[in-house]
Structures are given as C-alpha cells and as structure tokens.
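Take a look at these structures.
Presented sequentially are two complexes of chain A, the first with chain B as partner and the second with chain C.
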Partner chain A sequence: MRMVIPIKQILDPAGITVRRDKERIFINREEYIIDPGSKAALEAALRLKEERDQAETIAISLGPARTDDALREALAMGCDAAYLLSDPAFEEADLSVATLILAAAVRKLGGADLILVGRQSGDTGAGQIGPRLAEALGYAQVTDVYALAVENGAARTTRRWGKGYATVQVQLPAVVTVAPEAFPPRYPHGARIMNAYREWNVPVWGCADLNLEPSSLTPLLTFRGESFPPPLEPERFRGNPTTVAQEVITALTLHKLINPGGGSHGL
Partner chain B sequence: MDFSFFGELLEEEREITPEVTEGYRNLWVAAEAADGTLPPSTLEAIGQAREIANQIGVYVWASLLGDGVEPLAQQLIAYGADRVLVADSPSLAEYQPEVYVKILADLVGQHRPEMLLMPATSLGNDLAPRLAQRLNTGLISHCLKLTLDMSERLLLGTCPALGGEVYHTFACPQARPQMATLEPGYFRIPSADPYRSGEVKRVDLDLGGVTGRLSWLEREASVELPPVPLSRAKIVVSAGRGMGDAEGFALVQRLAEVLGAALVGSRGAFDEGWIPEDRIVGVGGQFIAPDLYIACGLSGDIYHYFGVQSARCIVAINPDENAPIMKVAHMAVVGDARQVIPAMLNALGR
Partner chain C sequence: MDFSFPKEYQLFRRMVREFCESEVKPLAKVIDREHRVPHETIRKAAKLGLMGVPFPQKYGGMGGGEIGYCILMEELGRVCTSTTTVIGAHTGIGAMAIYLDGTEEQKQKYLVPLAQGTAIGAFGLTEAQAGSDAAAIKTTAVRDGNHYVLNGTKIFITNGDIADIITIMAVTDPSLGAYGGITAFIVETDTPGFSIGSLENKMGIRGSSTAECVLQDVRVPKENVLGQFGAGFLTFMKALDVGRASLGAGCLGGAEAALEASIQWARAREQFGVPIATKQAVHFMIADMAAEIEALRALVYRTAWLIDTGQPHILEASACKLFGSEVAHRCINRALQIHGALGYSRDYWIELGWRDQRITEIYEGTNEIQRIVIAANLFRPYGMRIPT
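Up next is the complex of A and B:
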C-alpha cells in the first residue's frame, strides 16, 4: 500500500503576536514548523504503516527551499521518502494551483492508494486541498476523520458529521483528511534525525520534472487585504443561570473559541 | 508629462477577460436538508444571498438535493429564494461526494450562476472544494462576511486566518461562478414570508454512470479522543474550591469533556484531592497559554493569574463580583458555577 502525505510548512504561531488593538502582526521569531494538521496526517499514515508489512509512506511538500527541513522532519518521524516541489513558478500558487502541482507529483510517483492530509492548516485554514486533490486525481474522499483503519482495499473511517460522528467506509484510492486532535504526532526518532540530514536525499521537483507549463499555473483567487477582529472587551454576564449560560456559549461561539455546531474549527 | 501610467491602467483593465465572466447571472445557494428540515446554516445562506442579489439586481436560485426533500422547496422560497431546483431521489438519501458534484456541476454548467454560496457545514466543507475543482473556479471558504465590489461585480469573502486572529479578504476575478462557503452562525436568518412566490422545478437526474464510493455504516458513532497535553490544549477548564464538593467538581469534569478541553485547577482543588499536582496552574505550577480558559469557582489570586495571563480569552464563573479573577476576565459570569455549568452543558446540547 502506498500512502502519500502532502505536508505544509507554516510559521510557528508561538513566535507570532497579533495585536488586534494596533491592527498589526508582530513576528517575534521567524521559525517554521510542520503544520499541526499535516503532522496528524503523518501520524495517521505511520500508524497504518506499522500495522502491515508492505506499506510505504511518501511525504511531499510544496514550498520554497526552507521546506526541505519539514520534509526531513517527516523522514525522521518515519516516512520512507520525501520530495520537495519547488520552482520559482510555484511561488504565487493559490489552492487551485497547489492542487495541480500536488496532483502532478502524485501522478509522477505512480499514484497512491491513500492520500492523507490535515483537515485544515493552522495558518490559512481553508481546508480545501483534500477534496480538491481527490477531484483532480479522481479519487474518493472522506474529510474530518477521527479514526482510520484499512482492510481489503477499503478504508473504514469515523468522521465528524454535524454534531456527531459517523462511520463511513470508502473504496481506495482515496483522499482522507484527518482531525489533528485525534492523531497526536509522535516525536522524531533520534537516530533518524541524524540520518535525515546525513544519509537521505530529498529530491527537488520543479515544473520540468512534473510536466507542468508555468503559464498554466495562474492563481484564481486574489488577496484583497487583511483586517482584524475587534479586541475582546471585558464583558459581564448577570442574571439567571440559564440565560447567562446561553449568552456565554453564544459569545464564545461567535469569537470562534468553541465549536458546538460541529463542522470546522482551526487548530 | 509622463502618461505611461495610462498604459498600465488600461493593461489592468484588460486583465479581466470578459469571455470568462460573460453569460453568468444570478446567485445560487446549494441548500442542505437535514432530518426533513432546513438547518439554520442554509437559511443564513439564503438570507445573505437575498441581500447580495438585491444589490446587483439578480434572482436567487437554490438547489436542493436529497431523498424526500421536495416539500422543503416552498420553505426556501419563503425565506428568499426565487427558484428552487429540486433533485429528489432515493439514490440521494446518503451523501456521496462524486454524485453531488456531478449533479451540481451539471446544473451550474446549464444555468451559469454568477455566484454560488454554500453553508460551511460538514457536508459543505466536504463538497464545496471538490465542486470548485471540478468547475475550475476559486472558492473562498469559511467566510464570516461577504461584501461586493460593485465596480467589477466581485464577491469579496472575508475568512479567518491564524486561528481567527486575523481576517483575510479574497476575490475571484477570473473564473465563474464565484464560490464561497459561509460559516454557520455569522449571518442573519431572514424572516419567512409564507406568501412569497417562486418556482419549484424538478431536475431530471442523469448521473451518467457516476456512483458513490462511500458506504455509510453508522450514523451515531462515537470517538474516544486521546488526552490533550496541557501545553498544547486550545481550551482549558479549571476548577477551584468554589465548586464545593466532588459532585461540583464532576460538573467541571463534564464541561471539560464536552468541550474537548484539558482539566486543571487551583492549589485549592489540589488540596481537595480533585486534581493531581502537575495540574495546578499558577506560580509554582503550570504556566499555560490556551485560546480559552474557563475558571469555575475560583477566585484567582495574582499567583494563579500569572499562570494563565497569556490566555487569549479568560472566562470566569464566580458568585463574587469582586473576586480578583473577575477583574481580569474577558467574560465575567456572575453566578454560582454549580448552576451555570449545567445550564452551559444544556446550551451545548449535552
């Protein structure tokens, strides 16, 4: 079974301070990490790999040269191979372009039985890559998955569905997007960290390697600016417990701090 | 004078290729039906669509897919749709991404809507990106706000980034339809007008051999989530002596469970034997920085506050309005936590 895990490198949120009142983002420490969603996808893939004899896990990532570090970390966690998709023509990529590039890479790898991605990234959090990739490759899809097992050419998943969960079986090949809270990632193995830099290679694939025309990589979405939510003003809630509780839950939901309705929430 | 910038301006004008956007009209909502009703998220999308449609002078169309959903079409009209395309068939009882994408893509190809809105529900989040990829168009997902750029008839979608700390606004100038998913709870539910008139049209299903690859085995599955390490917890719930006894503490435990939160406490809670020593928050204990910190029945002196001051939002539930934690909390709930927490659990639907 071949598993491909497209991972994303993001700026470490611990090094960022957002000042809503000043309407500015301060980057105190420019460090890059593997996105928590991608890490969960790696974890899910590595668990499946451990359960069987014949399985390979391949990490791919689209990004500039620094993304190499993320891929080597994926190798240290236990992946068998890693490929960096990097080209000056890829720099402006939006989600539709990224899908083209990742799909081309999966095809070049000879397809996959299972593609695992995070439900949503920690920075932009659009949550589109999984289903888009499934469509581009013609694979089946299950999103927001909390438990995963593979048997006889099908994946049995437990996914979030509305307020609850549902068990869904999907035929392979498929794209599965995983919920980060359900797959806490392992730490990279010490010896593998050394090997990741000393012994193993992370090949770089560009436009020419993937048979992509730079002219076909025009983004569809344009960025129209940044704004900030209003700062949290101190608020008092008084009254009978039932109404107060309802008000607090509503306020927390509106500030995106809790997610009672199900669906999506960033990690 | 140098007028070369004129050339640049004209260049920019030309960038919008008219043939891409021409012939696309009207505003669509891909409505959802759940358990024989229209969920609030769909009504919100209809309401938002109506507002935008009124501004640019077009009709609101809704598509409704499912089994036995036709009676709901009239409701969509009452809430603001002008025309409802219904695909009602037993074969659509279960959600199948490929089948839904095929039906919607065919309808979009036939009727060419200018904009297509969907609620950002489990189904919408699964379906919308796949549909956007099929239609080769852009999708602005998880929008909290939609506005219009009237000069180019562009839909501007504002969505959260960096975990909701920043909002980004996007537009899709080069492809049609302009797609967006709407985060539930952020848009107004319109009032229904049962006398509104509109047209309901049944769609002839032609799946062209597309079949679903999912089997829905169980609707009411449960999941056991692994414990969240305290340092990485996004939500932390904490108990203080004010919870009274073990029964009161059990309420806090239940709240943490329902919210998927880590459970901590004050030194007082440790003294009572409710929490282990490594779950004491404050000076001499843990320092945490969650997105949300809910302090239940603890007064929160300065030593405790040091441990949680980096939290993005502090909620304090305390009957004493002048307790120290109530002065620093973003949301200070004046009341007995032993009554407020059950009501909160109730409001959360548990």
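Up next is the complex of A and C:
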C-alpha cells in the first residue's frame, strides 16, 4: 500500500504577535514548522504503516527551498521518502494551482492507494486541498476523520457527523483528511533526525519533472493586498438568565467559538 | 567561523525540548519527592534514542556526538536535574568508558544495550577513602583462572541500585600505584556477590539514586577487563574528561531556566506600584545572569566541538564543569533573590533548583580538583608536573 502525505510548512504561530490596534502582524521569531494538521496526517499514515508488512509512506510538499526542513522532519518521523515540489513557476500558486502541482506529483509517483492530509492548515485554514486533490485525481474522499483503518482495499473511517460521528467506508484509492486532535504526532527518533540531514536526500521536482507547462499554472486568485477584518461590534444581551444563556450559546455557536453537543474528540 | 548549529541539531533540540516540556518538567517535583525518576520516563527517552546520544549508530547510539549530547543535557537541565543526573551518569561516564576503551566484542555486548537504553549504566570509582584522590582506591581484583575476583565497597555511585552494568575500578597490583596498578572492569550487577548497601539521603538531585555498592568475591570473566590491564586509571580519567563538558551543558540549562523565570517574575511582580522589572537592582542581577550564560554557552559548545573533532580538550572540559557549576550557582541564587519569599517556598520550583544545583560544584571531580587540572595543564608545557 502506498500512502502519500502532502504536508504544509507554516510560520510558527508562537513567534507571531497580532496587533489589531496597529492592524499589523509582527513576526518576532521567523521559524517554520510542519503544520499541525499535516503532522497529524503523517502520524495517521505511520500508524497504518506499522500495522502492515507492505506499506510505504511518501511525504511531498509544495514550497520554497526552506520547505526542505519540513520534509526532512517527515523523514525523521518515519516516512520512507520525501519530495520537494519547488520551481519559480510555483511561487504564485493559489489553491487551484497547488492542486494541479500536487496531483501531478502523485501521478509521477505512480498514484497512491491513500492520500492523507490535515483537515485544514494552521495558517490560511481553507481546508480545501484534500477535497480538491480527490476531485483532480478522481479518488474517493472522506474529510474530518477521527479514526481510520484499512482492510480489503477499503478505508473504514469515523468522521464527525452533526452532533455525533458516522462510520464511512470508501474504496481505495481515497483521500482522507484527518482531525489533528485525533492523531497526536510522535516525536521523531534522534538517530532518524541525524540521518534525515546526513544520510537521506529530498529530491526537488520542478515543472519539467512533473510535466507541467508553466503557462498552465495561472492562479485564479490574485493577491491585491491584505487588511484586517472589521472589528466586531460588541453584542449586549439582556433579560432573564435562562434566555440570556441561550442567546449567548447561539451567538457563540454562530461565530464558531463553541460547538455545543459536538461530543468528545477522544475516540 | 560559523557559530550556528547544523540543522540536524536544531531539529534535535526542538524534539528534545518538546519531550522535556511535556514528559519530564511536569514530573520534576514528584521525582524530587518520591526519590526516583519513573522507569516510564527512561523508557520513553530510550525509545527516542536519548539514552545513547553521543555514540555511533553502529553501537545502537543516536550518532549525535558530544554536541548532540550537550544539547540533551542542556535541555534536561532546564527542567529536571535529577533526570539529567540519571541519564548523565548512564551515558556520559558509565557507557562512555566502554565506548572509549572497550573492545569490539565488549561494545557489542555492553555498549549496544546501554545506548539503546535496554540496560542502565553506572560508573564505580568513589570509595570511602578515595574520591578526589581517585588513585587511593582499596577495592581489589585478584586473578583466579579465567576470572578476576573483586572485593571492596564503592560509595556515592549514581544509578548504583538501578544499573545493569557498572564499570568498576580496582587495584590489580598495589606495588605499581595509579599508573600500572589499577584496572577497570565491566561488571554485570546480577553477578553473585554484588549487592547494594545503603542509599544516600541527599539535599538535592533526590530523584537520582546514590548507592553504596558492595563487591564480595564477585567473579568477573577476564574478557571484561576494560582497556589495557593496569591502565584503568587512564580509562576512567578519559571518560571523566568527556563527561565534564556535558556537566557544563546541564548547568547551562539550569542557569537559563533561572534567568527565564526571573524575567517573567520581574515583569509580573509589582512593588511600589510598578513591576520590579523597572528596578535597577533587578536589571543588574538579570544582566549578569545573561552575560555569564552567553559565556558558558560558547565554552560548552566549543568544547563539545573539540571533542567531536578529536582535538585536545582536557583543560576546556574542566573549565566547563568549573565555570558551568559556578554560573549555575550564581544564577539560581539570583533567581531565588528576585523571587523573594516565593523563591524560598516549596510550592515553587526555585528552591528545588537551588538544592539540585549545589551538587554540580562537587560531583565528578570537585571544583577544587578542576582548578588543579586546569593549572596542571597550564604549567605542563614548562616541565612542571602537578599530579592530578
């Protein structure tokens, strides 16, 4: 079974201060980490690999040269191979272009039985790469998965469903996006950390390697500048405590600050 | 000249810090109170290769060299000195002696399980009348066929009661003295005749056991002579030399933790209507801590680099231990002063850090011995011999 894990490298949020009053994001310490969702996807893949004799895990990542570090960390965690997708033509990639590039890389690898990605990334948080990749490759997909098993050519998954969970089974090949809270990542072994930099290689694939025409990589979205969202007007709730409590819960739910009845994540 | 850490060491430090913060730090007070480092913690460390960081991978080690090992000691030193001591005695002197002077067979048989953490190591030098004066040991080893029979008592042996493998220094020819008359042996602690006497009730590093090891007609196969017969003193001194650099790294971690805690507390604690961080008296203490820490960090990692590149390092390693322990002493003492009564309270960790720190000026060669080693190295080019 071949598992491909597209991972994303993000700026470490612990090194950032958001100053709403200045409408600026200050980078105090520019350090890049593997996105927590991607780390969970790696963990999910490595657990599946440990359960069987014949399985390979391949990490891929689209990004500039520094993304090499994220891929070497993936090797240290236990991946068998890693490829950096980097080319000057990739620099302006939006989600649609990123999907094209990642799909081309999967095809170059000879396809995958299972593609594992994080539910959404810790920076832009669009949560689209998984579903888009499934469409591009014609694979089945399950999103927001909390438990995962593979047998007889099918992935049996448990995913969020309303206020509870559903068991969803799909035929392979499939794309599965995982819930970070369900797959706390392992620490990489010290010896693998040393080998990841001293012994192992992370090949770089560009347009030519992936048979992509730079002209086909025109983003649908263009960057016009950035601004802070308008500050929310404070809402005031009055009345008897029972009604107020209900209104507060509704408001918090609408803003996705709480998830009442969502149940425990610990499956 | 490039002072940055190679990327594998940067990633290694990040992994170790996460491990220490989530697996060791929350237990530090329990480790002190219950006088033991949980087996589970050691098992988890072993699973990540942390019980054999400096050794080559062909011996089950991590391949991190002295630099990697110093990173581990520094990060552990930030959170728990007891755990630092257990892993340090196991790796830095116990297993290190076998790595430096063992035969290929000895390394396969003993270093591999030690480096993988499936066996725990210790270093048996100190006796009632022999500490700083290491050559004054009384434990004897007498040849009997294919074995040596060991008799004597070792004291203050870190990990003594949890170790599976101990390197023991014994007199094999009293007439020859330190150079020629002392031999190192690898002793498996389940050998009949090996037993544990009393355990020390210590002021600090209470989670690390310090045991009396009694050897009564312990029969050790002659294959377990470590290094050259009669050259045990040199074998042990070589291991101690390397160990001293990493002790400095542990002290560095402790000093850094003291500084960071002081900065946070000085910002939070208000007196006379302002944070005490606005007071010059506090500035001076914090600035001195930071300056000494910078100097210590440079010394420790340069020494580790000397060791990894096979260059002479005895003076520098002694300086790491001497300067490191005294910087740690001053930093934790200043941190306690800045924290005031909170620093003196058992409810906070500063008093634990203060108690734990004190041993670093004593163990593995007192600071007075380190000064003698440094001076001897300075006078040697002029033909002056100072016995160390």
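Rule of thumb we're sticking to: the second predicted complex is superposed on the first by the 231 of 267 C-alpha atoms of A that agree within 3 Å, B and C clash if a C-alpha of one lies under 4 Å from a C-alpha of the other, contacts with A are read in each partner's own complex, and residues count from 1 in each chain.
Here is the rule we use: a residue touches a chain if its C-beta (ideal position, glycine included) is under 8 Å from a C-beta of that chain, and two chains touch if they have at least 3 such contacts.
No experiment lies behind these values; they were computed from the predicted model shown.
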* Asked: What is the contact status of A:81 with respect to chain B (first) and chain C (second): first, second, both, or neither?
  -> neither
* Quick one: classify A:251 as touching chain B (first), chain C (second), both or neither. => first
* To do: Could you tell me if A:69 is touching chain B, chain C, both of them or neither one (first, second, both, neither)?
  => second
* Thinking of the overlay built on chain A, is A:191 touched by chain B (first), by chain C (second), by both, or by neither? -> second
* To do: State whether A:166 touches chain B only (first), chain C only (second), both chains, or neither.
  => first
* Partner chain(s) touched by A:178 [first = chain B, second = chain C, both, neither] -> neither
* Asked: Between chain B (first) and chain C (second), which, if any, makes contact with A:122: first, second, both or neither?
  -> first
* To do: Look at the residues of chain A and decide whether chain B or chain C touches more of them.
  => B
* Residues on chain A in contact with chain B in one complex and with chain C in the other? -> none
* Structure fact -> Per the touch rule above, chain B residues touching chain A in the complex are 34, 41, 97-98, 101, 120-122, 124-130, 132-134, 136-142, 149, 156, 158-175, 183-186, 213-223, 225-226, 228-229, 234-235, 259-260, 291-292, 312-313, 315, 321, 329-336, 339-344, 346-349
* To do: Enumerate the contact residues on chain A facing chain B in the complex.
  => 13, 16, 18, 20, 25, 94-96, 99, 122-132, 134-136, 140-144, 146-147, 156, 158-171, 174, 181-182, 184, 218, 220-229, 232-238, 241-242, 244-246, 248-249, 251-258, 260-264, 266-267
* Structure fact -> In the complex, chain A touches chain C at residues 69, 72-73, 76, 187-191, 193-198
* Structure fact -> Counting only contacts in the complex, chain C reaches chain A at residues 6-8, 11-12, 15, 18-19, 47-50, 53, 57, 61-64, 68
